[in-house]
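Look for chain A in each of the two complexes below; its partner is chain B in the first and chain C in the second.
And then the complex of A and B:
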């Protein structure tokens, strides 16, 4: 938002001035309604039954996969948000699985498996933002995008097969441009398949926005998600000295760029002008107990700037003891001499703010040991060992401070 | 965010595989189809109960461009026929084969992981052991030494059996379009386009150690799994030379 807010406003202004809005928007005067929904839908044609059976089989194993986070309270909470978003009849058709993956992502299978990454839960700030993503995934389900996408890819690959034969014939008959044409057509068919996928994504974004307008949530939240992702990318780009991504939609992109999505979603929200809630504190309360664990995975990515950005986003409404501890972990992991000083301060602040887990003393001790204040470091590690005598690294820490 | 568990990379793969198949001459060179762990003999398992894990069965069509199109009716029918045929096969085997009842909770997860591991390991065996020319320099002698690891011990505990049998089949039947394409390519250029995929494997595991004692794996299995005669042939091929098996007449 820092970088893109003004640009978006400017673009929006141009769009409204020139009325060149190519986006399929809501019909302005017709009342907003959702497509009819069929309860306990059963797959219909040959392809759909096949896909469903494949995914049903997959789900049996997936449900018990070690990558799935088995926290019934959290699953119920997310399901609750989905039900608020799309209504109690619709949401009943899905099963939610929380996947331990730090990437911002969620996915939907044709039979109603909805996977939500922990990295997504780390990156949305309130229920309304979460609702916009869940609504998007649900729209894929409701519009049967898996099935249609499958058919589209099949048509594409069928065509390419025949063109290959045709190109062979043309070359065999002495034509010199057969392969050139073949390449061109193939490129255009692949491009068409990708464009189809992007159109499905746009359709889902738009339907999700409609769910939000009809729900208690504010449809304005949807664009915020994408803007923040762009900001996170900008942080990472600066640190890694690369150019920014997700600004423009490319030929082989399966999704529209974040920039494009933020643009049309904010315009849709402006048009809808709905008054909804965001429920930020409710979200933080529900996610709070799991944050340290989710965040710990993010820390392992060695992605300092983006992680720092994420942490600051979460801490916008105040640095709690948990968040201060995570700040200590973040800086200690990068481990420059100045980082270790910052880390030690963060751990001390966490302890002062009431952080009770012994790990704060561990982090504090290790930071101090490495930054020239060994005496304090030893004391901190002693406290750690006293508080957590059974910790797996307790004996190693004893060795470090020279005690048996 | 990605939609529908079909990342862009996956989509690309589909398209390129479809295209690659066109020019790929897939006539398979001579390869081995069975392996027995060094030192293992049928006598080692005599009188032992063998637990049969639920076979992994997938049946579908192959589109013109080579994509797999899962078919629910065929898969259901194949499962029914294969289950029945495996029961009939008991007559040829000297060991008692017992089906493992459905597991729940963490145990179900453990089994699913080992099923997946088995399938990954047999892919590696087919690639790096059965294709003799692909063997690693350290494995030139070709001793059959493969294991799923000791994680299978829990499966022994659950089932009360020391040995387990995994079975996998995957069939993509060439659609009418695929066959026409195949003939067109063969007629015009003599290019071989593969129509259909028929993979199958059966493996006997020592559940206490995870070692694969005996394995049959073939990328070009015979027998149409959609009809009873075909299934008889397929199961016969899967369990061919199973340790301690006897001829049907004897």
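And then the complex of A and C:
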């Protein structure tokens, strides 16, 4: 938000002054209602039955997969947020699976499987933001987007196949432009399929905003998610010396750009002007116990600036002992001489703040030994071994401090 | 004269295609039970049984062997990694940069360097070190990492065992991975024998 907030405000001003920017939303005086929901919906036609059958088979294996994070408390918490968002009757149709994946993503299958990546849980800051993403995924389910998208892609590929035959016949009959026309139409059809997918995403965003307006949560949270993703990308782009992503929607993009989504979602929130809650402390309390594990995967991505950004976002309301430890890990892994000093300080702060896990002493010892303060480093590693004699690396650390 | 020019053109095209196909398409090579120069001469390895080598290299001076296909068992050799180089080949500095070997790294730091390189290249999550202990790679003191990891959309738990050592200020790694189910146990003893007997050049 630090980069894009002012730009978005400026664009919002332009949009409010321009009659061309009309959102298909709830600007009218009519009361906001959700589409009718059918309890215990069963697939109707052959295509839908086939899709459901495929996903039912997938779910049997997926539910047992080691990639799925089996933590009933966390699953129940996320399900609770979804139920508050879409209502208890609707949310009963879903099963939530938390997937160990550092990417920001969630997905919804036509039979009610909702997958939520740990990378998404790291990147949302409160229940309202989580609710906006869960609501978006649920909207895909409610609007039967998987089925409609499948039919759209099939129609497109059917058309391309028939046109290939027609172009062949045309050229065989002496036509000179058959293949050229074929290429042009094929490009146009593919573009139409991508456009259709983006429209489905927009439709889900808008329906999700409606869920939020009718829920206890603030619909203003939805735009915050995309703005923060843009800021995170800006941090990564600066470090990696690459251009920024997700600013503009491209021809072959399956989703609108983050910038576009932030723009129309913030305008929808302005129109709704609802007074919902964010529940930041409740969210941090619920995911707090899992943060170190989620971050461990993120710390392996060699993505210093983006990870630092994530950590600082979570720490906005205060650096807890857990967060200080993770800060130490982040700097130690980059390992420049100045980083090792910062890391050692972070570990010491974590210990002072009450971090009880022996790994803080491990990180402190390794940072100090590598930065030239061997005596202190050995002492810290001795404390680590004393606190965690059965640690997987205890023998290695004993060798390092010369006790083996 | 025109015919001979045509023949020369055809011959040139065919040789170009043959030459370029060699570079463009990867293939398999049979590894026999004999001393093998591995990773462009970075290591000398004597396997106990026959393996297959994939021509595509995961590192500038590395190579990869398998018995039943990479998803089922795989041994990777990484040799002569200089300070400032990553373990695996860095295919995109802008989109997937890899952490680099630094000359002042402690032995446990090498394990973390490997963990990050491996996780990024293989898109692995849940990389958990089960044991990190001192061990020799050939005759050079180093370390052994035993670990487990997960791949997205993969129902199998996978195990790995890597040995690393720094020799003449250059890092050497041998890494064996396979699914926990059946395949890891099937070839781990041979992988360990290779790690025990390798000569670092």
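The criterion applied here is as follows: the second predicted complex is superposed on the first by the 402 of 404 C-alpha atoms of A that agree within 3 Å, B and C clash if a C-alpha of one lies under 4 Å from a C-alpha of the other, contacts with A are read in each partner's own complex, and residues count from 1 in each chain.
Keep this in mind: a contact is a pair of C-beta atoms (placed from the backbone, for glycine too) under 8 Å apart; a residue touches a chain by one contact, two chains touch by 3 or more.
The structure presented is a predicted model; accordingly, all values stated were derived computationally and were not measured.
Considering which of chain B and chain C touches more of chain A, the answer is B. Shared-chain residue A:105: touches chain B; no touch with chain C. Touch criterion met: A:300 reaches chain C, while chain B stays clear of it. Of the two partner chains, chain B is the only one touched by A:200; chain C is not. Residue contacts after overlaying the shared chain place A:115 against chain B, while chain C stays out of touching range. Once chain A of one complex is fitted onto chain A of the other, the partner contacts of A:140 are limited to chain B, with no touch recorded for chain C. Once the two complexes are overlaid on the shared chain, A:51 sits against chain B while remaining clear of chain C.
When both complexes are overlaid on chain A, the residue A:61 reaches chain B and chain C alike.
In the superposed model, A:168 lies in contact with chain B only, and not with chain C.
Residues 61, 64-66 of chain A touch chain B in one complex and chain C in the other.
On the side of chain B, the complex with chain A involves touching residues 1-8, 11-12, 14-15, 18-19, 22-23, 58, 60, 63-67, 69-73, 75-76, 105-106, 108-109, 112-113, 115-116, 177, 181, 184-185, 188-189, 191. Remark: chain A residues 61, 64-67, 99-102, 240-242, 297, 299-302, 333, 335, 366, 369-370, 392-393, 395-397, 399-400, 404 touch chain C in the complex. For chain C in complex with chain A, the residues that touch the partner chain are 93-95, 97-99, 102, 104-109, 111-112, 115-116, 119-120, 125-127, 129-134, 143, 150-157.
By the touch criterion given at the top, residues 43, 46-47, 49-54, 60-61, 64-66, 104-110, 115, 120, 133, 136-137, 140, 145-146, 149, 153-154, 156-162, 164-165, 168-169, 172, 186, 190, 193-194, 197, 200-201, 204, 252-255 of chain A touch chain B in their complex.
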